[in-house]
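Two complexes are shown next, each including subunit A; its partner changes from subunit B in the first to subunit C in the second.
What follows is the complex of A and B.
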């Protein structure tokens, strides 16, 4: 027997994600060149050119910061409201049974549909956009918080009661921490949805923001700029989600101990 | 005679039984036959009582009733002559599964949990927690999270959590049921040793005959259900630690015959009692 261990052959690593992105880009460029109509399908190169110009344009910073500001305020307060609402509903059985149909109805309404009544109540402006963003953020958090609190293992609650926890103690020391991972899954969904709601509302009544930028480009038939804006939307949303997921894993690590949904 | 038995081991005879199960019956629904019927049983101070029976005989129900999680349909259960109306820190349950361990707390924090709820001061808490962690040989794992432990270790965390307060009664519902045979045997001997040192009163549920012989002072054998009844009580007169020996095997044999008779709901045949 040879003293030297034969190293196992490792398959060469294929950078699939990079290949996927480059492949799609090539397909886009080829399709655009073949159809040869900048107004309906601009070439990727022209869109990327617009994107570069956009990123360098100081005006863009204002659009990005107004959208992100709306998302921050709307998502922050909406998620908080959803958490409080979800905890209350999740903690009290009768309240849950009474409010569940309302909850399911309200979350089935597309947030953007509220832009119409919102403008009647709050006028055409930031207030109405924020209303829609808050609305979008509340429901995923609330629904998931309720689910997380309901899914506690019966032995956990028994253990708490046995060692003398009050009903409030069971809520605070067992049900709430038990709900953290599921509630945070809802919060992550909320973040994405409130970004989308902000962009949608900006398209309809905004005077600035990324949604306004894209819609405005369309009205001037500046299709490359419009696509550049959409690429930017996807990029900002993707980045926000990544940041949220990594912050969540660090801040709330202990609540994910031993769970597969970390 | 076992040299390790402390002087206070023998329950003073003038005391009433610590735990009195008095004519307890239980049905899920009025239309169904009772799960068990007319169970009466006294458990003494400091005793290790094993309740042995086939599945479906209601032994877990009895434990849940003693814990205060469920109520008997008729009859009552008393601790120190007081009727049980709900769960209490005085009766600590060691659950069959691991769900009751809180995944977001470390081993130490889990064991400390009952003391924290009871409002014990930080220094006392630290000290007592360290003591029991050493008793169950988990001091080295104290800062791990439950999911990082093996099944046997998790059950030792539960045992430590049950011992950390001065709970008078430990209620154990097949705590080693899900473990492999080797871990199981080692935990049984360890529990027997801990019990000798701590002398808490234990009600231990199992369907494993050898486990009953290793652990029990007395073993109550349930008949099969429905309408299960307490068939007989066998005294195990063996010194601890109880390792395999001809006497040990004689008790296993006796319990096997008792369990067989209890399953058929027949009285024990003639040869009974010869091992005792």
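What follows is the complex of A and C.
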């Protein structure tokens, strides 16, 4: 029995995740107290205090809400654009043949590099930051939509034809439903990239937002504030992903029937 | 916990007869397809260039909205005075170093998580948290810890890659059929042998998929980090272009970034389709 790779009995229930979080917190606090330098490694307690201020202080709260607003608007419109673009490319063969190389090129360009052209075209400020966020969000959705439309099992298309579906019927009833889960995977990836793009753009040309706050805190060595911003970014990103995943399970459940990637 | 997934499905077209695909295509047919592809790309590129030139002309300010000729000039200049080559070399060296370390760490971490339920339970909330902190948010602390310089940028790229690869690896280990491991065990394979000859090969496709995502985001990290301060690199070209309003240079950098990113992506697609292919569940599926 000992040669078995995986034990058949279930291990006793220990709340490992809770232990992990608590352990990481304790480790941090101890390390910070031992190094005793708030500018290099602030204690967890001071960071948590700063975090409370970030949520309560109206001025700091504005930074949080402006980043969240940018991510929400940029991600929303970017994902929509990606969906439209992806469906167009995925559904129409000639369009795909012409646009695919450009799509591959454009998605390979780091979104942040567009900040300069965006500033010229849209002016310094919110518009160009938003442009970068939208740009970051479009491509994963578009690419996955195309992939989802193309990856239909051939037998399903044949079956649809046999039951008298027109080419448009095949598209609408077979290819589009097949693309939904794959497109959603891309959308989830986009959400993370939107955060990345927003923070990067705010650090480089922003006047407000969490990215600006974290970067600006460096100039007067307010490391606890920096870490509070990081904690907040991680927490908000995680919540957003959780929200997305649960919405996906509820709203789009029917598209996942019989799939392994639910 | 869901790992980041890329599209591992053919985007090009549906195989009507998957089995036939394994036969080598006739050279003539292959040649014709390549010729048609080139012709389509060439003509669409020509149309695009003409439209671009007309639009830039109508805008009338080549310094703000350069046409293709201005960009080509700037490209020629950047290549001849070695600026572009130095920049590409610097950026690629940073990515290569950070990516290699990050991937190695990520695979190790992912395997540990995949093999030990205790480690998975302990570490997964922490890793999930880190995954959602954008790499650039660490820019300021990393500068404090490592000083402004190469190592700070490499650390940021390591951070960009490590969690994506780790979660992808973890996902790969969770997909190995238990029977396969049991069989290896019954055949007398030790723990290490099972790890080396069963778990690792079976996870390779997922590892490559994670690395493909990581290399894409590494470009984003390196450009932003370079824009915030570096002696040379593609991000520096973008930044100086912004400060001195030499916009054609910025377009050169964007062109270089797109081509480099595309090249790196294709390398991973090639890896997935060759090395990864024999370890995949559905060996017929070609990643595009």
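Here, the second predicted complex is superposed on the first by the 246 of 262 C-alpha atoms of A that agree within 3 Å, B and C clash if a C-alpha of one lies under 4 Å from a C-alpha of the other, contacts with A are read in each partner's own complex, and residues count from 1 in each chain.
The rule is short, and it goes like this: a residue touches a chain if its C-beta (ideal position, glycine included) is under 8 Å from a C-beta of that chain, and two chains touch if they have at least 3 such contacts.
Remember, predicted model here, so these are calculated numbers, not experimental data.
Peer 1: Using the superposition on subunit A, decide if subunit B and subunit C clash or fit.
Peer 2: Aligned through their shared chain, the two binders fit side by side on subunit A.
Peer 1: So, does A:234 touch the first partner subunit B, the second partner subunit C, both, or neither?
Peer 2: So A:234 only meets subunit C here.
Peer 1: Could you tell me the angle at the CA centre of subunit A between the CA centres of subunit B and subunit C, given to the nearest 10 degrees?
Peer 2: 80
Peer 1: For A:200 in the superposed arrangement: first (subunit B), second (subunit C), both or neither?
Peer 2: After superposing on A, A:200 lies in contact with subunit C but is clear of subunit B.
Peer 1: With both structures fitted on chain A, tell me whether subunit B or subunit C touches more of subunit A's residues.
Peer 2: Partner touching more subunit A residues in the overlay: C.
Peer 1: Identify the partner contact of A:34: answer first if only subunit B is touched, second if only subunit C is, both if each is, neither if none is.
Peer 2: The answer is neither, since A:34 touches no partner chain.
Peer 1: Between subunit B and subunit C, what is the tightest CA to CA spacing in Å in the combined model?
Peer 2: 10
Peer 1: Common interface residues of subunit A with subunit B and subunit C?
Peer 2: 154
Peer 1: So in the complex, the part of subunit A that touches subunit B is made up of which residues?
Peer 2: Against subunit B, subunit A makes touches at 153-156, 158-165, 169, 173-174, 177, 180, 254-255, 257-259.
Peer 1: Of all residues in subunit A, which touch subunit C in the complex?
Peer 2: 3-6, 11, 14, 16-17, 19-21, 23-24, 39-40, 97-98, 100-102, 104-117, 119-121, 136, 143-144, 146-148, 150-152, 154, 157, 182, 185-186, 188-189, 192-193, 195-197, 199-200, 203-204, 210-211, 214-215, 217-218, 221, 223, 226-227, 229-230, 233-238, 240-241, 245, 261
Peer 1: Per the contact definition, I'd like the list of subunit B residues that touch subunit A in the complex.
Peer 2: Residues 67-69, 86-89, 91-93, 95, 97, 99-100, 102-105, 113-114, 117-118, 145-148, 165 of subunit B touch subunit A in their complex.
Peer 1: Over in the complex, which subunit C residues touch subunit A? Could you list them?
Peer 2: 2, 4-5, 7, 9-16, 18, 37, 40-41, 44, 48, 64-65, 117-118, 120-126, 128-141, 143-145, 178, 181-182, 184-186, 188, 194, 213, 216-217, 219-220, 222-224, 227-228, 234-235, 238, 241-242, 247, 250-251, 253-254, 257-262, 264-265, 288
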